[in-house]
Amino acid sequence: MSEIPLSHILLVSTALFFIGMYGLFTRRNMITMLMSVELILNSVNINFIAFNKYLYPDKLDGVFFTVFIITIAAAEAAVAIAIIINLYRSHQSIDVEDAGEMKF
Amino acid sequence: MNLSLLILIPLITSFALLFCKGLKQVRVVSFTGALVQLALAFILLALYWQERTAGNTAIMLFESNYRWFSALNINYHIGVDGISIAMILLTAFVMIAGILISWTTESMAKEFFFLLVFLSVGAYGFFISLDLFTLFFFLEISVIPKFLMIGIWGSGKKEYSAMKLALMLMGGSVLVFVGLMGLYFNTDTGNGSHTFDLLQIAQMNIAVEIQRMFFPFLFIGFGIFTALFPFHTWVPDGHSSAPTAASMFLAGISMKLGGYGCLRVATFLMPEAAHEYSWIIILLATIAIVYGAFATLMQKDLKYINAYSSVSHCGFVLLGIGMLTQGSITGAVMQMVSHGLMTALFFAAIGMIYTRTHTRMVEQLGGLMKAMPFISTVFVIAGLCSLGLPGTSGFVAEMTIFMGSWQNTNTMYRVATILACASILITTVYILRAVGLVIMGPIKNADHNGLADGTWNEKFAAGILIIGIVAIGIAPFWLNELLGPGTQTIIKHIEKAIAI
Amino acid sequence: MWNDILALLKQELIVTFIILILLTIKVGATEWKTDNILKLANLLLLINFMAGFVMNSEGTLFNDMFHTDRLITLEKNMLSLATLIISLQSYDWLKTHKHILEFYVLMLSTLLGMFFMISSGNLLIFYLGLELSTIPLAAIANFDLGKRQSSEAAFKLIISSAFSSGLLLFGISLVYGTTGSLSFEIIRQQLDGSSLQLYAFILLLSGFAFKISVVPFHLWTADVYEGAPVAVTSYLSVVSKGAIFFVFVPVLYTVFKSLAAHWYLMLFLLSILTMLIGNLFAIRQNNLKRLLAFSSISQVGFILVGISGSSTAGSASVIYFILIYIFSNLGAFGVVSLISALTGKETIEDYKGLYSTNPLLSWVLTISLFSLAGIPPTAGFFGKFFLLMAGAGHGNYELVIIAALNMVIALYYYLRVVKAIFMDSNEHPIEKLKISILPKLAMLACAGAIIITGFAGWIYDHISSLSTGF
Amino acid sequence: MSASSVIFYVISGFILATALLAVTTKKIFRSAIWLLFSLIGVAGLYFWMQMEFIAAVQIIVYVGGIVVLIIFSIFLTQQSGNEMQKPSGIRTIFSILAVCIGFTLTYLLIRPYIFTPSSNTPMEVSVKNIGSQMLSTTEHGYVLPFEVVSILLLAAMIGCIVIAMKIKPEEK
Amino acid sequence: MPTPAYIALIPLLPLAGFFILGLFGRKYFKASSGIVATGLLLISTVLSLYVGYHYFFVDGKPDGVYQPIVALEYTWLQFSPKVSIDMSIVLDPISVMMIIVVSFVSLMVHIFSLGYMKGEERFAVYYAFLSLFTFSMLGLVLSGNIFQIYIFWELVGVSSYLLIGYYFNKPAAVAASKKAFIVTRLADIGFLIGILILAFHAETLDFSTLIGKLTSPSPELTSLTTTSFMGISFLTWGLTLVFMGGAGKSAMFPLHIWLPDAMEGPTPVSALIHAATMVVAGVYLVARIFPIFAISGPAALEVVMYTGAFSSLLAAIIACTQTDIKRVLAYSTMSQIGYMMFALGVSGYGGENGLGYTASMFHLFTHAFFKSLLFLCAGAVIHLVHSNEMKDMGGLRKFMPITHVSFLIACLAIAGIPPFSGFFSKEEILLAAYQSSMPVYIVGLFTSGLTAFYMFRLYFSIFWNKESQLHQPYNEGTLSMKIPLIVLAIATVSTGFVPFSTLVTPDGKAIESHVDIVFSIAPVSLALAGILFAAFLYKKENQKPVKIASSLGGLYHAVHKKFYIDEIYLFITKKIIFNLIGRPAAWVDRNIVDGLMNLLATFTGRTAELIKGIQSGKIQNYTLYFFGGVVGLVFIFIYLW
């Protein structure tokens, strides 16, 4: 593990972050947008763990942060899915392009 | 005397109005309020004389100073000198006339009088403020009631006009605001805090670069209120769409707020900049005077005629201020008072004509002298005052400005003075044109034959304004004496600054 | 220790307690009458607000994760007050709703989140507070259950806030990586102004900016405001925005003090954009909720001007303005929400001739709008004046000039509404509405407060004396 | 190159490849599965960094919770076999552009930065440590965040129930 | 020495009349207003005669020289520590003479109007205005301060305006009143600027101080003469501009165009204002500051002289062709005032040199009586035939004997036939001109012949020529109309014998009177020739005048059309000022200045419309913008800055 420099891990997490962002920008399905958000959060988690492990192993700040992020991600996903389901009931679609009634 | 009364009485009146029922009560309450206020203004005048004759030479009298926002060193600081008293008297006169003219307001009378009285709060407060924050507060307070009055009770393209007026005046006050900020943050009270106190700032020497930077903001900002060219275009639209009392107030008092501000704040606190920029002021003022007068020549709507003539007349105020001599500044203040009374009278007359004939277009009117001699006489008197007839206040004010301006020996300034003098000819032309078309000549519209002449309230309203006009016109020395100490303070300040 | 916790966590505990009471009622056997629930809830909120005035203490807890002082207590109290007012104003809307208790629980949990966020001394607590104040809000944004727009708004809110949290978290992770701590105090000491930290700061800033809808992070605002139930909209625009400001100002002023040269310019840029775009969009809105949404965006621009003052005056003016903004915006939203709840009408056309039928509502709306526009004698004038003054105190007059000119544009659309209410005639104006006593009370309270807050110089002085720390 | 580094690159490659597939594949169900793989890959990364607890949480919460939730919702709202609508072209271009710029910027900023590791003695990342700190109020105590998150979960739950509850037809 | 209080009454009584009638006349004095005004004026007249007696024969000459007496002084408006308007009453020979003339003629007009205006609806208003005018005119002549004179000057202008426009429903009257006011106002601007120039350098507005400073070598005088504008010294500018004001009121070329039109007013008004009093205000003004003209500003005095001479000739020529009897009289007035003006212009200061000044004042004095008499007679005629046109008249001598005789006397006086008053004053003027400027003398001589011609043309056309169409026996008018005619006729005959040269001179010292028979031969014979020629042409109805007119062709036409001066003015005002300045100014204001403001608003609105696409309603776009914002900030603050 020690041969791998921190920056390589950060490269992975950054890449994952932007892959998630790409998904968020382009996916027209609401659920896949949600999935992209999960990717983004995961990339942040990798960051935290890597920093904690490589730089500041004397405390567990990063670890705890990750734990809480994961929890919140779950809560967020739950609420988001509930909203999507509600939306699906009224729109009969989960295409995000259809959810553009309010504009300008 | 507690000057806060001047604000409190209209405030109380306006709140009492909110609880009134029926037109009758509304009338009684607002009229009583205005009457008390007028009495108060006269008491103030008397007390002022008393103090001055007793040898009180303080710049401001009857001062009171309360902490308001201590953290920012903002105070509620009020006080008066002769200039303020003149303006307060003017306001009291115009208010009472305005209330009488609106006597028969039917629709939403309560709201109308409420707004009208509320407007005067702003004017009174503005004239007695010695703290720039308070001053600005009262300056802005009067914008919105005007908007509402024009928009609700106005005529013609009232909404457009109301909006334009509100936005342009707001633009003006925004500039004033920036200027005030510039002033405030460049003051130093000694302990590191800044101040808005007018008298304190006057004692400090604001650096010339700062003055150069912020004088234009203050002057143009206030200038917009007093129809500084080319920011005058709210005047014609606003005045012509407003209901009579609002026009009277607007032209009679609101425009004076600007002039007063230009003098008391911009010029007084930044004399060096005023001196440096005076050529621009004079240029713009001269343009306003001449161009306003020419534009008036072509107007067909009586209210437009008066509105444009107001542009021209307020140009005199700015000219007087720009010339920076004692005479011209005294003249500028006199012109403010005079124009306030005169234009209010003019609008009152136009309003009386309009309520009867339902038109203000000169080509549809004619020969009104026969049908309504009283109103026509009022119209003629207002016109004569406008063209500066001796015996009316207009003459006194204009001549004082000319005499004062001529003291400024710069050739270009003298050309400006000459042009200003020449403009009174154009004034004569448009006033006589209006009088000739509307008042004289054969009756154009047969329906106008049977129209009633002025009612008692209208007579009272016009009478009170005419008394004001003639009182100044016949005996200007009292006004001159009243204004003397105030203008001397300002001019000393300027001379000291210019000498440096 | 426990005494400390009780004293310092007083407000949070009260809110938690209220949540528990409401939950007990929900799961309890007896079915409560709607009216009674509402009355109880409002009573509890009132107690919550009142309690903010007594037995306040200062200190830190959980090794600096949580801290409170008199200013923070005041800020929390302002939020409690706003919540109370919103609750009162929504009375007529809530009466028809099936899930009142849930609504209150969710709303109060967001309030709790905000309390924690304001008191946070640590990025973790800050983040959790932020999420706690967002996620339930997204849920209640969907509380007009049958309405498509409501779900759409909720979806937009939760997705965009998730995205912004993502960026924020990435920023936090970088801060953590470069400073080795999550504690504000240590971060402040460790900042070295490197590009990466600046990058992290920008990400953090964008997270903040998203919540307070600073252009160009604002785009969700109008859509969400329009779609969500008006009560939620008012809550979003006033309470959650205010809470973010309460934490944003100290974070900028203390934690990121060493980056002041940078963030000052960023705020300069963003505030100009915000005011301008907010106003330009507001000009062409016909839906009142949307108009108010854009107006609140431009208000944020003004607040940023105040923040850029970066001084005691900056902080004091922002807090003071938010206090006024609470009353003004709630006054406006209160009327809009009432009318929307009772008639479903929301456009300016519908408001034509409102004065002839509903003078009280018209006056409240007008006064509130004037306050938002910054016209004396309403408090908004004082608020704006001090904000811009704080900005000018920094010596940057260009910003003040632009801000001041924006006030003119803003005046235009506020006056459009006023014009519709007072001047335009309408064949079918909104009929005379029967309003329950509580909302009426809330309206009058707002209107009264709008008038009084400005004149009461001691309020500003008090806030100013509390914010001398900056 | 040691085995450890080889494993790292393999895991990293796996994470990124599956993530990329998850955001580009046309079938929504497949997308969910790719996401699942990617998340498992992340968990693998945690294992690789000897963060077993986190890895476990990752697998339990994400794989066991969130992805299942997502798959359920897919079943609720969509025929899983259908292809998804294509995103609009311009937005795709802009997205790629934005993402590339963002990535370059970020990485260019991160790479040259010299991180200074702490010199204190490392703390063991054991379940015991985590547990005791989680509920401790003293130094390194995380009880407050813990409580906050619990309220958040409660609130989210209530919210979900209210929103997702089937509305009775007469209410509409 | 008269006490100040009652001198002040002289102008104040008419003012009181104005206020009483103006405020209450309509209600309470509907019928009696004439009596009230006349009564008040009668007191004034008696007082002024008394003052005149006292000044000239009792107090005025303490040491053989007439001294100005300041009877009353009150600081009215203090412009600056040095310069103030002091309302004062100054008695000196010319002001005393003027108050007598003004109050006397005004009284006559008041009395005449009792009959003439009887039955008018706005009878009270008429008398109110008349009183106002009398007040203003009396105030004007008594002024001891140049600004005070300007004040009354304007008041005189406005009361003239009101009186000319008295028949306000007659468009011609409205137009005439407007024209009169505007043209005189134009001149007044010159006056005002002149005052500004003089007052600034002399640092005073008071006449005596002003004259004192500017006639002796003083620093003030030096500053005025050394500073110059366009090559002309400030003194000359100032004096010329002041004279411009006088020229406006006194209808000197080219500011005379208002006078003929002003005849639209009631005829008694014309008699008062446009013959005897207001129009000579210009002459009076020049006479007031005459020492400055004569001692320090000869250039300006030359302007006075040539303007006067030219106007006098021009007016006489035009008068020969006019057919409206009042207009003939108006042009004759202009011509006579031209006489007075050039008399001042040829005069010098001190001793015998001051003859022109004395002559001018003398002519002013005599002219007031005979010209008002002419107008009142014309009024009586018009009252009878209800027309102003000569062609509607003729043969009226049988119908109105008193009028006829009075008119004849006045005509003889104006023609300069001895021993009528005009002879004496005109003689002195011509003598003064002869002594100093030959061309002017010749012009004067020629004009004097013309005067006799057109006056008798008028006389014959009215009273002889054809037989009158009137048949019914006709009462010439009420007693109140006849009395003034008789009184004025007596005055016309007698005033020539007033020893003017001992009373009114530039320096107050008496000069020797010259009635040189030899010198008189030329003018008197010329006048007689004019009379005979008029009799030849107009005594009987015939075609000779038409023939002569047609033989002159274009010249006659040009004269008849008053040399097209009116048309030129109209062209300048209507075409150039209204169309080329007024209209564009109004247009620019609405479209450019205001347009700019509106453009700002439109621009804002357009921009708002343009950028609305940002708010597309699509959440993914929003996030994209969001990220764009982040990237932007990063770019700006990390890479650019």
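For reference, chains read A, B, C, D and E in written order, and residue numbers begin at 1 within each chain.
Convention: a residue touches a chain if its C-beta (ideal position, glycine included) is under 8 Å from a C-beta of that chain, and two chains touch if they have at least 3 such contacts.
Every value quoted in this text rests on a predicted model; they were computed, and no experiment measured them.
J.: Which chains does chain C share as contact partners with chain D?
T.: Expected: A, E.
J.: Which chain is most central here if centres come from C-alpha coordinates alone?
T.: Central chain: B.
J.: What pair of chains is linked by the most C-beta contacts?
T.: Chain pair with the maximum contact count: A-D.
J.: Counting only Cα atoms for the centres, state how far chain C is from chain E in Å.
T.: The separation of the two C-alpha centroids amounts to 77 Å.
J.: What is the distance, in whole Å, between the centres of chain A and chain B, each centre taken as the mean of its C-alpha atoms?
T.: 65
J.: Using mean C-alpha positions as chain centres, tell me how far chain A is from chain E in Å, no decimals.
T.: Centre separation, chain A to chain E: 97 Å.
J.: Take the average of all CA coordinates in chain B, do the same for chain C, and state the distance between these two points in whole angstrom.
T.: Centre separation, chain B to chain C: 42 Å.
J.: Would you pick out the residues of chain A that each touch at least 2 other chains?
T.: In chain A, the residues touching two or more other chains are 17, 20-21, 24-26, 28, 33-34, 51, 55-56, 64, 68, 72, 75-76, 79, 82-84, 86, 97, 99-104.
J.: Can you list the chain C residues in contact with two or more other chains?
T.: Counting only residues that touch two or more other chains, chain C contributes 124, 128, 131, 135-136, 138-139, 142, 145-146, 154-156, 159, 163, 174, 177, 180, 195, 199, 222-223, 284, 412.
J.: Could you say which residues in chain E touch two or more other chains, in rising order?
T.: As it turns out, chain E has residues touching two or more other chains at 601, 612, 615, 617, 619-621, 623-624, 627-628, 630, 634, 638.
J.: What's the complete list of touching chain pairs for this entry?
T.: So, checking each combination of chains, I get A-C, A-D, A-E, B-C, B-E, C-D, C-E, D-E as the touching pairs.
J.: Note which residues of chain D are touching chain C in the complex, please.
T.: Spelled out, the residues of chain D in touch with chain C are 105-106, 109-110, 113, 115-116, 118, 137-145, 148-149, 151-152, 154-156, 158-163, 167, 171-172.
J.: Help me check something: in the complex, which residues belonging to chain D touch chain A?
T.: 1-2, 4-5, 8, 12, 15-16, 19-20, 22-24, 28, 31-32, 35, 38-39, 42, 45-46, 48-51, 53-54, 57-58, 61-62, 65-66, 69-70, 73-74, 76-78, 84-87, 91-92, 94-96, 98-100, 102-103, 106-107, 110-111, 115-118, 120-123, 125, 129-130, 133-134, 140, 142, 145, 149, 152-153, 156-157, 159-160, 163-164, 167
J.: Going by the contact rule at the top, pick out the chain E residues touching chain D in the complex.
T.: Contacts found on chain E: 620-621, 624, 627-628, 630-631, 634, 638.
J.: Show which residues of chain A lie in contact with chain D when the two form their complex.
T.: 1-4, 6-12, 14-23, 25-29, 31-32, 34-36, 38-39, 42, 45-46, 49-51, 53-60, 63-64, 66-68, 70-79, 81-86, 88-89, 94-95, 97
J.: Would you pull the chain B residues touching chain C in the complex into a rising list?
T.: 67-72, 74, 133, 136-138, 140-141, 143-144, 147-148, 151-152, 158-159, 162-163, 166-167, 170-171, 174-175, 177-178, 181-182, 184-185
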